[in-house]
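In the two assemblies presented below, subunit A is common to both, partnered first by subunit B and then by subunit C.
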Partner chain A sequence: MISLYLAQRTWLHGVPAGWKLLALALVSLIAAPLDSLPLMAGLLVAVLALYVSLGRAAVAQIALLRPLWPLFLILLAFHWWNGDVTAGLVVLARILAMVLLANAVTMTTRMDAMMDAVEPLLAPLGWFGGSPRAVALAVALMIRLIPLLFALWEALNESWRARTGKRGGWRLLAPFCIQTLRLSHHTAEALAARGGAPRGTRR
Partner chain B sequence: MKDRTLVQVALYAAIFAVLGLLPRFDLPFAAGVPITAQSMGAMLAGVMLGAWRGALAMVLLLFVVALGAPLLAGGRGGLGVFFSPSVGFFFGWIAVAFVSGWIMQALRKAPVFPAALLAAVFGGVVVMYAFGIAGMALVGGLSVMDATKACLIFIPGDAIKAVLVALIAQTVARGMPEALLSRNA
Partner chain C sequence: MPHAPLIRLENVTLTRGGRVVLDNVSLDITERRVGLIGTNGSGKSSLVRLLNGLLAAEKGRVTVHGLDAATQAGELPRKVGFIFQNPDHQIIFPTVAEEIAFSLEQAGLPRRQAAKEAVPALARFERAHWAERPVHALSEGEKQFLCIIAVLVMAPAVLILDEPFSSLDLPTRRRLETLVAGLEQQVILVAHELDAFTDFDRVIWLHEGQVRGDGPPAEIIPAYRAFAEALA
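This part shows the complex of A and B:
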């Protein structure tokens, strides 16, 4: 399964997903209102230390932050412009620490373990006639559809290139939508033929 | 929830993901500014599926991203993205899909192109930036004015995407009218 998951086992892999999510929620609640630069810098250092303790593969994952740098620069520039660079640094340290900490949870938790951990939270769906199992089915369906849609896009792109010699780009979107909807009709029929999606009453 | 609804919700969540993973389009009129097609997915989900199903598709997408799938543009994903300053946009997608779908349904009798254009512009630009700017201000510690300035450069791109969504809706309405579920729900 495609994922940001670290295949190499670390000590954090052994911690149950529910505990990790709870810890993440607690840290984010505590860190949100704090405005002290030493505290936020300390949090960031602690998170970095956590990464080091997870090994080299985890540290390499810090590179995932790269697309965020322009945004960080803009943020810092605005705070500098308002004459409060310290506030900018606090905000930046908090964002960096929280993003890295949350990524650490994602890196060390398999998607199915995460799904199991949040399933109790989906129980209220039953009150409205929904079903947590329908959610699980929707998740699986969506993930399975992605490579299919890719193949569909590639096929459209190839035929466009055969006709024009150029890449199709946005012009393929309308035929893509039509074809994907046709695909979804077939999928829905196949699903119905196999007994349909799980319903709240039929658990 | 009917089987068909479930599949359509999953489908539009998947389309959203695919739009983010495709190589970037060079949009016409954008003068070569590279634009990820992803936020189009939210407008598309609303315009095509209608308010509730569109919003559900976006909820499903964010749920799968939170579970750890790198489905946002540039291969981003996991829990980390929900702590970045762009988080307002991510939650905004739910509102974008709902509002564009709602407008599309309200204008069921109107011709497709103007209805879809209004739906996409209002949903994909006004609503999305309201959420995006609020998120930027809260997470980034900026005043609303500064956050607005920081987001301003992206608005032209999203306006172009809204036009594209309307063009797509019109083409789909011609090619497969029953596919425009916001019209026959």
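This part shows the complex of A and C:
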């Protein structure tokens, strides 16, 4: 789950990216094997408290979970059918807590700081002639383009509705892919105009 | 001794998708403010892409501020800044400071220093307060301005703007025109907004891959306008 960077500075912005990522990894490692509902519910409450401490804009980002509700319902239904609703609730609380926690990291960490923290882990790429910088750039581009892709889908949907009065739905997939390729072509050209993707691990 | 041209095209021919887009074009461009006009498909975009190394001429020779576009294409992006029509295609990073830092790094600064210099670089354009802003939260005009800052911090000798006004309202466009007018760089502007060229030194009119008119705006713009009206 990737949300957008929060422009207003919060205390979490000031925590070094490496620490945040490490904390995220540790919490997921610890939370993964635990299956006590009170513990998981406690974790979820703690994460929600973290959001509250970050301010209103952060709390508003929780709405981004909305598209995941069908998935959560299916998960719960599956566990109910298996006769263990408690296990379902534990899984649900864990997923919610971890997704929100990961989201809290992405919305308070600038891309370059994140990449600085992750780049040492990508260093082995260099041994095979790959470029950790190029991977870092690709990740930054991906995050940058997400709002654009949403806007592109919306624009296609609008054009469809303007002429049919109905929602486009799956029928927009093919034009969406074509437009996405066009977008990537333009972006690649703009990147080339500025000297192309950096190579090596210049620091 | 005559002044050496800053940009020179010698008998340049270029085909794209089986179509001749530039047909044996020769130009010497020494002026500081140069406009490029023509109907859609006349070859304007292709011509400016040759100057930045985005396209390579099949025949002929292109030199830009001492660099040969065929053999030194890799050095061109630092010499020739390029602004595209749609800023959303051009901005690479999620926040303004990162976008500027990337340019500084491309210009040769070590990474950490580039990150540190981003805010002072923005401050030179009175936009230091933009540093932490997510780029998707900027208006169209602000995005285009960011693209221009991101290119200018690389200190290019030439700035090419390829239809930069298309999505801008009139006040924003005027502000950008004022900004561009004050730059010390040589500027090559491709645009359909003909009044943008009033104070330019020279306007080149391309038609079907060839130079149809070339001279001061007061002479070329009315001729082009009459031609375009007749086509409509």
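Keep in mind that, in the parts below, the second predicted complex is superposed on the first by the 131 of 203 C-alpha atoms of A that agree within 3 Å, B and C clash if a C-alpha of one lies under 4 Å from a C-alpha of the other, contacts with A are read in each partner's own complex, and residues count from 1 in each chain.
Keep this in mind: a contact is a pair of C-beta atoms (placed from the backbone, for glycine too) under 8 Å apart; a residue touches a chain by one contact, two chains touch by 3 or more.
Computed from a predicted model, the values in this text were never measured in an experiment.
> Can you tell me whether subunit B or subunit C touches more residues on subunit A?
B
> One more residue to check, A:109. First (subunit B), second (subunit C), both or neither?
Touch partner of A:109: subunit B, not subunit C.
> Would you sort A:7 into first (subunit B), second (subunit C), both or neither based on which partner it touches?
It touches subunit C, and subunit B stays clear.
> Please work out whether A:28 is in contact with subunit B alone, subunit C alone, both, or neither, and reply first, second, both or neither.
Once the two structures are laid over each other on A, A:28 reaches subunit B alone.
> Which of the two partners, first being subunit B and second being subunit C, lies in contact with A:68: first, second, both, or neither?
first
> On the A-aligned overlay, A:192 touches which partner chain: subunit B = first, subunit C = second, or both, or neither?
both
> Between subunit B (first) and subunit C (second), which, if any, makes contact with A:143: first, second, both or neither?
both
> In the overlay, answer first, second, both or neither for which of subunit B and subunit C A:82 touches.
first
> Please indicate which partner A:170 is in contact with in the superposed arrangement: first for subunit B, second for subunit C, both, or neither.
Touch partner of A:170: subunit B, not subunit C.
> Once chain A of both complexes is superposed, is A:19 in touch with subunit B (first), subunit C (second), both, or neither?
neither
> Across the two complexes, what residues of subunit A are contacted by subunit B and by subunit C?
In subunit A, residues 4-5, 110-111, 137, 141, 143, 183, 187, 191-192, 196 are touched by subunit B and also by subunit C.
> Considering the complex alone, what residue numbers of subunit A touch subunit C?
4-5, 7, 9, 110-112, 137, 140-141, 143-144, 147-148, 183, 186-187, 189-196, 198, 202-203
> Would you tell me which residues of subunit A are touching subunit B in their complex?
2-5, 24, 28, 64, 67-68, 71, 74-75, 78-79, 81-82, 87-88, 90-91, 95, 98-103, 105-107, 109-111, 114-115, 118, 130, 134-135, 137-139, 141-143, 145-146, 149-150, 153, 169-170, 173-178, 180-185, 187-188, 191-192, 196-197, 199
> Which positions of subunit B touch subunit A when the two form their complex?
Per the touch definition, subunit B meets subunit A at residues 1, 3-4, 6-11, 13-15, 17-18, 21-22, 25-28, 37, 44, 48, 60-61, 63-64, 66-71, 74, 76-86, 139-143, 146, 149-150, 164, 167-168, 171-172, 175-176, 179.
> Residues of subunit C touching subunit A in their complex?
By the definition above, subunit C touches subunit A via 52-54, 74, 77-78, 82, 84, 86, 88-95, 97-98, 101-103, 105-106, 110-112, 115, 132-137, 150-151, 154.
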